[in-house]
Every structure is written in C-alpha cells, then in structure tokens.
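Two complexes follow with subunit A in common, the first pairing it with subunit B and the second with subunit C.
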Partner chain A sequence: MNTIETNRPARGAWNKYAQLASSAVVYFAAVFCCVWFYSSDIALAQETNNSDIVDTTLADSSSSDLTTQDSSIIESVLASSVIGETKPAKPTGLIAWRKWNAFLLVIFFSGAIIFFTQKAKAGKSLFIRKIPGLEAIEEAVGRATEMGRTVLFIPGIQELDEIQTIAGVTILGRIARITAEYETPLMVPVRYPLVFAGAQETVKQSYAEVGRGDFYRDDMVRYVAGEQFAFAAHVNGWMMREKPAANIYMGGFFAESLLLAESGFASGAIQIAGTAEPAQLPFFIAACDYTLLGEELYAASAYLSHEPLLLGGLKGQDLFKASLIAIILLGVIGVLVFPDTLGNWLTVLLNGEYNN
Partner chain B sequence: MKRTVPIILAVSTASILALVFFLNRDFAMFFGVTPDDIKQEILIWVTIIGGFTLILGVVSILQVNLKSFSQKKPDRWYSLVTIISLLVMAIPGIFPGPETEVGKVLYTYLPSWIGVYGSQNGIIVNWLFDHLDAPMMSTMFATLAFYIASAAYRAFRARTLEATLLLVAAVLVMFWRVPMGEAVLNMVSPEIPEWINMILMRGVNASVQRGIIIGAALGAASMSLRIILGIERIYLGKT
Partner chain C sequence: MTESLTTGAHLTLWLEAFVTLALFSFLYKDNPVYKFVEHVFAGLSAGYYAGLICQSVIYTQLMDPLYTDFGANFMLLIPFVFGMMMLTRLTPIGPIPDLSWMSRWGLAITVGSTAGIFLIAQLHGLVMPQTLDTFAQFSKVTDFRSFAMASLILVGVISTLVYFYFSKEHKGVLGGVAKVGIWFIMVAFGAQFGYTVMGRVSLLIGRMSFLIDDWIGGSIGSLFN
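Then we have the complex of A and B:
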C-alpha cells in the first residue's frame, strides 16, 4: 500500500481544465433546462390530443362498422385518457420521469467525482490503492527494453464504440509514452478498422508528446483481421516467431482470450491482462502474471497518469461504490426486517416507479 | 484547434447520447425526431466513418505484408499467403453480379462467368467462406480445449490455500456438470448436485461475478464522465 502524491500543475493548465469542465456542465444543464421548460407544454398538448382522439374515434365509430382491432384501439385510448378516471395521468412530456432514480444517481455520481477532482485541484494528496498489475507495466516495458524485444499491446477485440476498447486505447496512450521514452519497439494488432485509426493516432500523438516522434512508425499499429479467430491465429503466430518480452491485453476479450494468453505464456513473455468480461477473467488469471479485474481496467489510465485530475475521478468512483454497498446492505436489512417501510422504499428507488 | 475540435465533438456527442436516455418519445412532437432516432443517426455516422476506415485497414495489411515480403524477412511466405488470401476473397466479392447494370453488360461478353461473382447465393465468395473460412475458424476454436487443459493444469496445482480451494471447487463443478459425475454424486446423495448448484454456482460464484460487474459498470460510468467532461484526453495524446 502506498500513497500517490499529486503534483499540482501550472495554474494555466487548471484554468483550462476548469473552463472545459464548467462549460460542459453548463451546456448539459442548459439543454436539460430547455427540455424541462418545454416538457410541461408538450404534456398539456398531448392530454388535449388524447381527448381529441377519443372524441374523433367515438364520432367515427357511430357512423361506421368497427373491426375488433379498432375497438381495442378505442379501449386502449379510453383507458389511457383522463376522462372519468380518478387515477393520476401517466407521466408525459419530454423528460422520462420514470428514470428519476437513474438521474439522481448520475447527479450524485457526478457530484462525487467533481468534488474529489476539486479536492485534487486544491493540492490535497489522494490515497489510491496500489494495483500490482499496473505497477508491473513499467517493469515489463523495462524488461523488454533490456532484452531488446517488442512490447505487444492488444486493446481487446471489440469495436471502438465499446467502453472497454476506449479504456484499452487510453491505456495504450500511456504505455506508448513509456515505450517512446525507453525507445522500445511496440506492436499493436487490432481487429476493427475504426480501432486501427484511433489506436494509430493515439500512439502517434503519444510519441510526439514526449518528443520522440521520429521513433514512431506507421506499422506499430496493424489492422490484422476482422474475424475473431483469424485475429487470434495471426497474433499467436507472431508471438511464437517474434517472442515479445511483454504482452499486455487490455480491453474486451472473448473466446480467444486463452488462446492468446497461453501462446504468450509459451513464448516466455511477462503478461499483464485486464478485462471487464467476468467469463474471461479466470482464463487470464490462469495464464497471465498479473490481471486487472473489471473496474481496475477503467482505473488504469488514471492510475498510470498520476494526474490529480484523473485520480480525483477514481476517488469519486470509490465513494459511490461505498454508497452502493451501504444501499445493498440497507436493502438486505430493509427487506428482511422492515419489508413494508424501508424495503418498499428501496424497491421504489431501485425500480424507479413513478407515481406509484 | 487541433485538440479543441475533437474535444468539443466528443463532449457534445457524449452529452447528447446521455441526455437522450432521459427523454421521452414525446420529444418528437416538438423536434420532429424521437430520442431513439437521434441515437440511431449518430450510430449511422459511426458506421459510415467505419466504412471509410476499412480502406485504411486494407492499406495497412497490404503495406505491412508487402514490406515483409519485399525485405525477404523470415516470415515472408506467411505475408504472401495473407496477400493472396485477401485478394482471392476480395476480388470475387467486389466484382459486379449479373443483376447489376455493369454485370449485364459484362456477362454478355463473358457468359461463362455468370453465377460465379456478385452477391447472390452459390457464388464463389460463399463457397470460399463455407469451405475455407468457416472450417479454419472452427479449427482455431477447437484448439481451445487443449489450451484450457494446459492452463488448468497450471492453475489447479494445489500449492497455496487459494489454489487448493480453486481445485476443490473446480472438481466439484466438473463432477456436477458431467453426466457421469452427476450420476456418481446422485448415488452418494441426491442432494449433492443441488448443493453444488446452490452454494457454489448460485451462491459464491454468482455473488462474486455480480460484484465484478457492478464495479466494472461504475468504472465504465466514471470513465465516460471523465471523457464527457474533457478530463481524460489521452486519446489526443494529451495527459
């Protein structure tokens, strides 16, 4: 266990971050307020429309024969209208109020992250649990440098719109900075063209940022194959021929996880894996030296950066997780001991039922 | 500008998609489109961009393998096979079918080629897929059994308390899942299979998996928020 001390960057950088963050929040809030403002008008308009529909349909029904389908439509409209009903009207309008619980959680979660980010900005040191797998990354790259061999990095086999791939690409950015500083060869095979473009740009920028742009080569990131097992076959063959010193797997993996990890083990590389796929974690644990479990994958980029702004996000996440654990425990007690009060209240909170 | 525009794009797109989650279909009454339409439209943009990047992918494959072959590297023959495979699969696929305007003209002069190219059933691409691609993929998947055996051999060696617990749990689950093992367990006591299911799988296993899933979901949300707020910018090469 150790403490990562945050370094306070130049004031100008903070101002830039603060401006960006506050602009995003103001933008988000402004759009939300506009939508809220118009929602009441739309709700009224829809209630009027419902009445009109009922009147029109009833008028039509008197002058023509109705099919069974027409009757059911009228019944459903009548059931949903406010005529003769004492039950409160179903919520309408622009905002999906039934998701109030999710909105509440988003606000609390965002608040926790912003709070700790601000705390980090103020120069307070933040305690972050040591993650052995991430501590070993620099060691693995150092080993590759000493051996004069390549570092293999795979950002998963999912498309770029998957959050695990985004996490993988952000970690790639951090690792590319280390390989650039150490002048260690890097190989990044990818399965999707969009990931190829994203990863290539990330590596290129990372090399440029540390002033080693001349060491960057376009073939560091390679589009290999669109097929899952063709991709695995290519990477396995490459590993057995080239014998990389360090294999880093970060992202979403499926049936090919063990094929890759076992080949890597056979090639004698130090292996670090991270995925949020629970079904693949046992394979990585069995075949790799270090494995990042679930959330550690998403924390890796912030952890490797040692940036207070990013570490603040991790602390916020931890606070939210602690709150969730408390809610789960409270829920268990509530359902067992006070099912009609606390248990019911928590069920409403989790189900997000509106106006029940 | 080089970094500001991508950040604005990332922040605004992510904000829109997050906001869409909290909107009703009544949104269409005011703006003419439903929240789902907006989401679908953005996903279509992603698909279009993905289509363009496919060209980059093909160029990357050709560049890497042609370079390897021309420089006479030890693995140059694999590169040659890759290039030939790419062309053999791609050319019949992009050649116009007989139902297209170009195909009608082309196959007037080359009637024997009808039914071989294009996108209809029974063409050469389908044949290549069914008789080469699919069997090779199945073969790769089948080798997984051997990899599992070698990984399990290492993982299940009872060197520590944790490894011993893993070994015991694995043996019990294997006994429960294999029909013959289940029959043996039933002979000892019919309650044992149910006990393994309840305690190991639906108890310990399910709770640990849910813990990992909840943690991963929070991590994903936290990371999304860092990107939406423009804090995480490493994808631009910036710490």
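Then we have the complex of A and C:
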C-alpha cells in the first residue's frame, strides 16, 4: 500500500501527536459528513419513496455523456425537486433503517475484502488473469524511454470526488514508479485544482518510493483549464507539438475522448485507455491500441501493484460478482418454481421495503 | 437579420467565425493560429472558472451564509479550514516552514468520503435494482416473445459479469461464457457509438449552420447588400 510517510519532512514528537489527533478529527469529520449526507438529503427523499431515484441518479451520474458539472446540476435539480415536494422534514435519525438490505450486502462485501486481504498478507498467492491493456503499460513506457520521449497520462476530466478519477490517480502512482525507474519524462495535464494537488502528491510520492526523488519536477503535473474543450484543445495541441511516445488515458472521459485519442493516434503514440463511461468506450476502442473496459479500470491498480490490500479488494469484488450470478440464477428458479418462498425472499432482499 | 446588425454584432460574428475556423484548422495540422486560439481558450477558461468558483462557492456558499447566520452555518468552518490547508502547498515561503503535508488532509477526506458515498449509491441505485430486474422479469412472462427477451437479458448480464471475473483464466466453459459476454458488450458499444456519433454530427451541423447562415449569410451578406 502506498504510504505518504517517506516523503514527509522529519518533525518532532509533538508534531506526530498533533498529526494523529488531526487524523482522528479528519476521520470523524468524514464519517459525520457521510452520515449527515445520508440522514438528511437522501432520507428526506425516502419520505417520498424516491430514494431509489436519487441513488440511481447518483450512480448514473458517472455513466452519461454529460460532464461532471452537468451531472452535478442534474443531481441538485433532481434532489431539490424531490425535496421540494416533501412535507416538512421529520427527524430521521442517523440510521436509515430502510437500507437494511444494502447494509447486509456492504457487510458481506467488506467481509470478503477483509478475508482476502488477510489471506494475501499471510503470503497466499492470489491469481489474477492476464489483462492485455495493463501488460502493455510497461511496454509503452519502455518504448517512450527508448525513443527519449514523454509519457502522457490523463487521469480523466472529472473532479477528485469521482471514483474514476481516484482510480486514475491510483494507476498514475504505479506508472510514475515505472517512469521514475526508467527516467522517462512524464506529463500529466489535469482539469481541476484538487486533481492537480492529488496527482502531484501521487507522482512525488512514487518518485520518492523508488529513490528517484531528485528526478521529480513539480511541472510534471499541470493544471490546464477548467473548461472541457479548452482542456482538450490544449492537450491536442501539446500532443502534436511534443509527440509523446505513449498516451495513457485512465479515468472518466466524456465528449473529448475521441478528440484526444484521434490526436494521439495522429501523433504516432502508442495509446492505452481505460474508462467506465460506456458512451466513450467505443471511441477509445476505435482509436487506441489497448482499452480497459469499465471494471478493468478499477482492477488496474491491484493488477499493477500486486499489493495485498488492493489484491484483497479485487478478490472480494470477484466473490461479490460470483454471488450476484448465484443470486440471479437462484432468483430465476425461485420466480419460476418457488415464487412464494425463494422468489419472494430474494425479492425482499434486493428490494427492501421501497415498493411494499 | 442582416439589416439590423450593429457594428458590435458584426465584430462578434467575425470573432466567433475566426475562432471556429482557427480551431477547425487543426484538422489540417497544428499551426500558429490554432496555437494562439488554443491558448486564448485555455486562459479564458481558467480565468472564468476561477471567477465562477469565487462567486458561486467561496462567496455564495461560504462567506454569505457565515456572515448572515453564523450560528446556523458554523459547520461550514470545517470545509473552510480544509480549504485553507490546501494553501499550505505553497509553503515554504520566507520564514514559514514547509507545511505542505497539511494539504493532504483535504485530499484524504475528499477521496475517503467519495469512496464511501459511491459504494452505497452504486449498490443501492444500480447493483441491487438491476440484479432484481434480471430475474424478476421472468414473473411477468406471458408469451414466447417476453420469455425470449427475459432470457436474452439473463444471458447478457451473466456472461458480461463472467467477462469481468478476474480470478480465473478465461478458458474452457468460463472462457466460452466470457466470449459471449464480450459479444454482448461489443453490440452495446456499437449501438452507443452510433448514438453518440449522431449527437456529434448535430454539433457539427450547428457550427456549420453558424458559419453559413449567421456569418456568411448574415454578416458577410450584409456587406454586399
């Protein structure tokens, strides 16, 4: 697991205690914010039996052709319209009991991850099948090294509070380690200030971890522009002028995906892309040499690092997927053969009380 | 339209047309005009977003609520403190030592809360309803057509899930099912590709309509009338 200790300047003992205390404050603030978020806005929406609409909107917000800002606007409009229709808010408490089924699944999911993480930490080898796009990353960086050119990495165009950006920045950490080892130039253009800070920290950390901190430069990560197409225009121009040897796009992309991938293709770079945006994947498949499809993006960091914590997470997800397949098959049998028992139980498990 | 155009409107149309054509010139190759417009675009965008965030976030969502009703909004001090900590990235400055490590707290809370919120949102909003709908539709089967559709969706969902199963090599039966899954994925991508291209073509038509109708037909046309 990446730690942020190695790059931190030495401080006194009191500073360590202060850091521990502040970390605890941060942790509790995070928990409080999550609980507050769910026990206010979403719980209010539940009063009108519309919680599934809000959650689906939140979940869908990353899978449309809209930009982050468009999605945020829709979320806020939808949430406000839902809340606007409610009666005055009732106190809902800190626990949303109607989500008992989600709670059960989270417990199962978390348990599976912890189980496999412990297994990996104990030294058991965990198999992950070959993912060609990820195998090609080292080859692409090697090509850039041989040609003496830059590796371009774009962690998507979404904010840091989007899960795809977090996945992209995590992969950036792995790639930065490789570029540091090979002493290959790295360029990371970003669209948001928070992503800029996160990416800069990640790259700096990676260079320090492989003992190449002296090769790190702050301008490896660059804030370009806040507007989606201004960002694309700048990166396109940069690609045509600098001719990077390898372009790696990992994260959430929208309408600019084909603009970037086509310019990269025209500049002669080997291109590897990964996104969980279904609308943009076809463009990446058409214009890039390798493409990670959806879930493969999230598996990438574990695949590249082979660290126990990440591998455990990946294995836990696989167990969860296998369980979903089993639930679906049991559900089909239940609905067709035992509708009043098995079929009903599985329906209640997945449906909760929302439509009852 | 042409008769009523003012000098300002003419200038705006010509500027818009110049910028549009300059950006289109990239289709031929990178050139100084494109480079100039690209830098103007990126610079304007960065400046615009800085102003937008100052107005819509710092003033509207932080300063104004704190000033008007501090007691009810004192919780806003938490994000304010984290926001200020981000500025420690600028250290060391003069006598101020390197405190840039403090900026990681804001990043940590953003990343951690995002992961937590999205886990529930995805599970509750997508995974559970879709799992339920995949088998529940068999209870609504009335004829062969609806049964075939339900079966098609069942096969598509299961084979796609199998494709994204990383713990086993895709060989034998698993490999065969995963291959079916990738076919489903590719068919979906093909449909999505066509749908999105249609959207992009409409954007191109919009720009062409501007160049031909508004600029050539409007501004240039009025010069010869």
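Quick notes
Methods note: the second predicted complex is superposed on the first by the 259 of 356 C-alpha atoms of A that agree within 3 Å, B and C clash if a C-alpha of one lies under 4 Å from a C-alpha of the other, contacts with A are read in each partner's own complex, and residues count from 1 in each chain.
Please note the rule applied: contacts are C-beta pairs under 8 Å (C-beta built on N, C-alpha and C of every residue); 3 or more make two chains touch, one makes a residue touch a chain.
All values derive from a computational prediction rather than experimental measurement.
Look at A:Pro278: by the touch rule set out above, it reaches both subunit B and subunit C.
Within the superposed three-chain model, A:Lys99 lies in touch with subunit B and with subunit C [touch as defined at top].
Of the two partner chains placed around the shared chain by superposition, subunit B and subunit C are both touched by A:Leu314. In the superposition on chain A, A:Met240 contacts subunit C only, with no contact to subunit B. Of the two partner chains placed by superposition, only subunit C is touched by A:Leu350; subunit B is not.
In the superposition on chain A, A:Gly173 makes contact with subunit B only, while subunit C stays out of contact range. By the touch criterion stated above, A:Leu324 is placed in contact with subunit B and with subunit C alike. Of the two partner chains placed by the overlay, only subunit B lies in contact with A:Ser206; subunit C stays clear of it.
Contact with both subunit B and subunit C is seen for A:Gly198 once the two complexes are overlaid on the shared chain.
For the contact definition in use here, the residues of subunit A common to its subunit B contact set and its subunit C contact set are 38, 99, 102, 106, 109, 161, 163, 166, 193-194, 197-198, 201, 223-224, 227, 229-230, 233, 237, 241, 255, 258, 278, 281-283, 285-286, 293-296, 299, 314, 321, 324. Looking at the complex, you find that subunit A touches subunit B at residues 17, 20-21, 24-25, 27-28, 31-32, 35, 38-39, 42-43, 45-46, 92-96, 99, 102-103, 106, 109-110, 113, 117, 159, 161, 163-164, 166-167, 169-170, 173-174, 192-194, 196-198, 201-202, 204-206, 208-209, 218-219, 221-224, 227-230, 232-233, 237, 241, 255, 258-259, 261-262, 276, 278, 281-283, 285-287, 293-299, 301-302, 305, 307, 309-310, 313-314, 316-317, 320-321, 324. Every residue of subunit B that touches subunit A in the complex is listed here, in rising order: 7, 11-12, 15, 18-19, 21-24, 26-27, 29-30, 43, 46, 49-50, 53-58, 60-61, 63-64, 67, 74-75, 78, 133, 136-137, 140-141, 143-144, 147-148, 150-152, 154-155, 209, 212-216, 218-232, 234-239. The residues of subunit A lying in touch with subunit C in their complex are 4, 8-9, 22-23, 26, 29-30, 33-34, 37-38, 51-52, 54-60, 65, 99, 101-102, 105-106, 109, 126-131, 160-163, 166, 193-194, 197-198, 201, 223-227, 229-231, 233-234, 236-237, 240-241, 255, 258, 278-283, 285-286, 293-296, 299, 303, 314-315, 318, 321-322, 324-325, 327-329, 331-332, 334-336, 339, 343, 346-347, 350-351.
The touching residues of subunit C, when paired with subunit A in their complex, are 23, 26, 29-30, 34-35, 37-39, 41-46, 48-50, 52, 78, 86, 89, 98, 101, 103-129, 131-132, 134-136, 138-139, 154, 157-158, 161-162, 164-170, 185, 188-190, 192-193, 195-196, 199-200.
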